[in-house]
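Naming follows writing order (A, B, C and D), and every chain is counted from residue 1.
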Amino acid sequence: MKPPSFRRPEASLPVAALVLTIIAFVLIPTYTDTALSSFDVYNTLQIFARLGLLTLALGLTMIAGEFDLSVVGTYALGGMLTVQAGQQHWAWGLLAALGAGAAVGLLQGGLIARLKIPSMPVTLATYIALLGLTSALSGGLTKTYANVTVTLWVDQPVLTYFSPRSLITLGLFAAAAAVLSLSRWGRELRAIGGDRRAGRVAGVRVDRLIVGTFAASGVLSALGGSLLSFSLGSANPDPGVQPLIVAAAAALLGGVSLAGGRGHPLGLLGGILAVALLAEIVAVAAVPQYVSQLFFAGLLGIIVVIDAPDLHSALVRQRTRLRPSHHPRTSI
Amino acid sequence: ACGGGSSSGGGDTAGAAGLEGKTVNFVGYGKDNPWGAYFNGVFVPKLESQGVKVVDLTTMDPGTAVTNFNQAISNKPDLIVAALLDTSSTVVPIKKAKQAGIPVLVFDGRPDPSVDADVMQVLSDSEALGTAAAQNLVEGLKAQGRNSGNLIAITGTKSGFAAQDRMKGFDAELAKTPEYKVVDIQDGNWDPTLSGKIATQLFAKYGCSGIQGAYGMADYQALPIVAAAKQAGCPVGGKTGLVVTGSNCFKVGIDAIKAGTLYGTATEDPGTIAEQTADYVIRYFNQQNPPAKELVKEERVTAENVAQFAEQCSKA
Amino acid sequence: MSATGEELVRVDDLTKSFGSTRAVHGASFGIAAGEIHALCGHNGAGKSTVVKMLSGQETPDAGAIRIGGDRLDLHSRQVAQRSGVALVDQELSVVASLTVAENLMLGDLRAGWLNRRRAAGPRLRALLDNVGLGHVDLDQPLSELGIGERQLVEIARALGQDARLLILDEPTATLSDVESEYVYAAVRAVAATGRAILFVSHRLGEVLGLCDRVTVMRDGAVVATTAVAGLTIDSLIVQMLGEAPHRLRKRTGREAEGPAEVLNVSGLSVAGRVDDFSIGLRPGRVYALAGQLGSGASEVLRAIAGLVPAATGDIEVDGVTVRPGHPIAATRAGIAFVSNDRKSEGLFLDKPISWNLLATRLPAVTRWGVIDRQRWSTALTRLVGLCGLDGKRSADSVRSLSGGNQQKVFVGRGLGRSDVRVLLLDDPTRGVDVGGRAAIHVLLRDAADRGMTVLFSSTELEELLDLADVVITMHKGVVVRRHDGDVAGPVLLREMTHGAATPAEERR
Amino acid sequence: MNVMSAPPRSDAPIRRPGRSRSRAELVIDAVLLLAVLAAIVLALTTHRFATVANAKAILTSASLVGIAALGLTLITIGGSAVSLAISPSVAAVGMIFLSAQSFGLVPALALAVLCGILITGVQGAIVGYAAANPVVLTIAASFAITGIATGVSGGSTVSPTGGGYDRLNATPGGVALSVYVLIGLALIVQWTLRRTGFGRSLYLIGENRRAARAAGLPVGRTTAVAWLAAGALFAVTAAFTAAFNTSANVNLGGTLTFDAIAAVLAGGTPIAGGRGSALRTLAGAVLIAAASDILLLRGSSTGVQILVKGVIVLVVVVLVHLRTEGSRA
């Protein structure tokens, strides 16, 4: 599969968002008195690394026509397990986190695919339960990760602009893009998201694919939590709803459709990079945070209204009304 | 201990007149937090009036705070002024700042012990605040003629040093009067609604007669305790009612002390510490070598001296 | 070509019931290698159910399926595909959000895990050219294509799967003549390589022109399998209908000229679906639009009801213009619509019968917005009586009713309302048994007698002949002819399946 | 988003009638019965659970979430899934309520309700008339409300400008006023849903929006009105919460959004709409409050309480789904 052509929203939306934010970023010296430095790019990628995997996880389920609200729960649990099980060796913590993420994903995917329950209420319940579990595991306390070597390692600058953490995140985006582009899964995922019945009739294994997608979503969010814990040297039992909301906004900016069936990991990458750049601009230009919140509100508002079906049919109606009809009028 | 001070003084020809050209990167609490909003409103103008340039990197999100801290390091300012939302996640950034030779001033809550020596500090005296709360309760109960009593405490986010240190002071003070016993400590997460809910359930659990005194770590936590007690039918204040104290004053708390429902509180108002922090920065830039660690003097507030603190505590 | 090759596919005593509906019972027939085998029968005869069992979408209750002599258990689409069954479903089963190439590769077993879009390019290109889609780009999103072109893509996908058995369920229903010709040629080419083809169609001309043998089904059972050589359209119709319904339609005795027209539609068009439809309807009469799937009959009704945003043209009720594309405006003007999809666009299945019957009458049964029990039960009793439903069950959910009674509820919702001037019904007796059908016919006739204008679409001859005062036949989006007078069933069937083509234009 | 359009799914497997189904239902019933028994045993063996004081405490802690959940029930029944903007709306309205105290309690309450109606009603109009996706729209709204509230208030805490609010903290007959209000509002909402034309249309639209449109029901208006009413209920929650806390800032809403959703789901209202009732939501809110209470009395941590809340919601969602699917076959 070729990357999608630029006329289509899954490509044009992230590209437009990215171009706009890059322009705003490059122009920073003109509207503030700070000069740009290579560190600003590094820091943008650090912000990207914090939310990237969450966006990827959420975006994949959205492409499949589902919505995994539990990603932030898995993110918190993954982060906490990384710290609590990884005090001896970082690998144990990572394994525990990934295993838990996979288990959560398989459980949810199985419920949703087998019982055909809508994913929203199920993942919402899991989200609440996972936050509770994380908090119970830690006694509600932020847990400190003593292994400073790992903390230093994941955030050390690599090639000026990168850190191992942002490289791992970028790598996973690349891997997801490669898998979805180079294997049949890409088109099958979009097929079941776009038209599940048609996909089933065409011979797509719908149930397996849903379970697989949720498992991937769980593993990615857990890994996101792990990397964050390594980086912060601590795990917070309650990340709040902000990461979920920002990840959803990034996924939508990344060209994923609310109706499912549309989107690509590269688009998601564009979406989250645009969001990260925006956050960096906010930091460098010292714009108050509520301004960026209003900006997100406006952006999402526009996307959701443009996507609204009844508005769409009203537009179709208007367009047909304006087009003159040149048929002869005959009565039978 | 003053490693930061010596390294920064070198660069500039530090003229004593004015602080033009000095840059501070301010990684403080975000404006969406009332305490932070007032602190920033005092701190930033005071420095700017001296000609210091303040770059605003404030936030209430611990993850963003780390990113912003790193951003501050890269901006190479003359000083980073930071509040630590999550002490452990700021360990590494503080070390990086030290490597980069950029001095760091921490205000409000103390840093992780491993980097205690690497930063300058203007701290709220959390233990004193806890002590004041315990003194309030004991004094209030004694005034009612009670020689013993059961107490509950609803704390701020337990994982933070602020809550831990206040409880340290609180417990230490109460240890002097073992006849007053803490029967339940719950994490109220600095959240008024949650604190109220927990209080409601605790009053059901122990009954009015089972609780004589309550400690809400901030006034906005103590007042939901008052409301919960009233709703459970337990009298508050007066000759026999529940004695409630805060340890972090706000306007609503002062009003409640005047009304007699809250026995007392303690200061930790953002205005005072903001003044002192700004003052510390100015002294630092003027090379007056302030001590590496300063504690803000915290005051106990009760009905007797409430008029004196009403103004100071009404800013947030 | 002739069906002389050895038998490749064999179906024995296939049986399938859905609840109380016996969709297929004891169906047996065989398809030889290299044969194009037609499956005919009127709506609900069980054709698609046979197709579903052969393609792994439904498991038979009894009976055997053999391909190449082996008895197969086709319990999922993947198993059927691996056993060499390719399918073009009756419902369009391509995904609009994918590109043409991706749709062609979807579900292809030989595609493997790796995506070889580049490598597969020439093969996919050839598949498209094969069905006349030379102008379509492989990387174009399917959503940019018209309905007919999408159908061709699905056909191309099935053709490309190198199956032993290729099933096409009404593949040409939504295609133009030119497009259909490409499909015939492609199907012939596949048959020539020795595969078996099962071709389901209502277009009798193409059945006779394309296929080698025809199996006719009626009410779930196989009537006969005959070589086409011995068949004509009329003899095929006889097989499908049982006794030839050669009776002329009884004129209802109503005057052609009567009161003024209630509904006046002129120049109604829906791009790609309906072309310049005009009609005038008088009160007190029952009108029918006769047309197969893809004829545009449903689309006309939906457009009048305001449910097609892209519709253009003028619609007037009692001389007052109704804005097209606004269902509420249509309802206000006195148009009631009964969709052919009662499950997703008609009934509220989990709600009681009473709620469903009175759903559109809420203002009439409330006082100050509060439900007035008196008015509610009066209106309900009247409607229940009018529809011939069991009054004691009116608190039961509609889901608990049989299909026929569900349909009665749906139709009944538009009845007994003084404000309804025009009742539109899209295939009102679809999937309804004989008894239910008669009851609905009585309802509609009574409604017309009370002065309502009734316009329904149907594919079924008997219904058209029994119920309608005027029949308008449609084919591929245009009106073929309006029959105000007597008309014979086979004429209607011919026009519906053939359009206005004269017998001379046919092959036979 | 088709995640929210629950059944009927065209690709649902054919369910065969007969023994297997009734066995499935039997299992569900058995699970339910066991759960209820376990809960009763757990409750009765919990010290001080079965006391009047504790019952009052449970109702009090259910009351604020319950009132907001009633509003959400209207939104959910009408087929708009959920609002994710409850907490910010409550925070904003709570700030307005307290800063309007100088006008007196009643005008402040009226102003608060008006603002609540406005904030949520605008979202409802967009969902109703344009069929915008409610989840994403309310995400956008929550950004917008928080952003504006922070900008306008400068992030500071609003203190009451008068003392009238304290009347909302009254305890007539020893029970918090909010409990009476909760029960009263639940009855009113229940009556509206059951006995008015609006209620009927809301159920019909929620069950099948397409069919409702084809039948000529006023889909846009009914949806918008449901959201307006929800906005008013959120405003009542806001007033009580602000009065209880005696101060309000942008964080006043706390975790209310998810608590309200949990209460609605635990009451057995399917997120797909068309079913549910105010009384069931009330039961859901009380169920969650009671579970938290048992756990608190038995000394479990906040984390365990949240975990159990999530599990309750999950179990109810699955059971309700299985039951309705079972009755459909």
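Throughout what follows, a residue touches a chain if its C-beta (ideal position, glycine included) is under 8 Å from a C-beta of that chain, and two chains touch if they have at least 3 such contacts.
Bear in mind the structure is a predicted one, so any value in this text is a computation, not a measurement.
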Per Cα centroids, the chain farthest from subunit D: C
Centroid spacing, where centroids are CA-atom means, of subunit A and subunit B in whole angstrom: 36
Euclidean distance of C-alpha centroids - subunit A vs subunit C, Å: 42
Separation of subunit B from subunit C, taking each centre as the mean of its C-alpha atoms, in whole Å: 73
Where subunit C touches two or more other chains, by residue: none
Contacts with 2+ other chains: residues of subunit D: 146, 150, 302
Touching two or more other chains - residues of subunit A: 139-140, 197, 200, 288-290, 314
Overall pattern in which the protein chains touch one another (line/ring/star/complete/other): other
Touching chain combinations (by label order): A-B, A-C, A-D, B-D, C-D
For the subunit D and subunit A complex, residues of the former touching the latter: 1-7, 9-12, 81-82, 84, 126, 129-133, 135-137, 139-144, 146-148, 150-151, 220, 257-258, 261-262, 265, 270-272, 301-311, 313-314, 317-318, 321-322, 325
Touching residues on subunit C, where the partner in the complex is subunit A: 57, 77-78, 81, 87, 89, 91-99, 101-103, 105-109, 111-115, 117, 139, 141, 157, 266-267, 269, 271, 275-276, 278-280, 309-313, 324-326, 472, 479, 482
Partner subunit B, residues of subunit A touching it in the complex: 34, 37, 39-40, 42-43, 46-47, 50, 139-142, 144-145, 148, 151-152, 155, 228, 231-234, 236, 239-240, 242, 279-280, 283-284, 286, 288-290
Residues of subunit A defined as touching subunit D within the complex: 62, 65-67, 111, 115-122, 124-140, 196-197, 200, 206, 237, 241, 245, 248-249, 252, 258-260, 288-291, 293-294, 296-301, 303-305, 307-311, 314
Residue ranges of subunit D in contact with subunit B within the complex: 48, 51, 53-54, 56-58, 60-61, 64, 146, 150, 154-157, 159-160, 169, 171, 174-176, 241, 243-247, 249-252, 254-256, 292-293, 296-297, 302
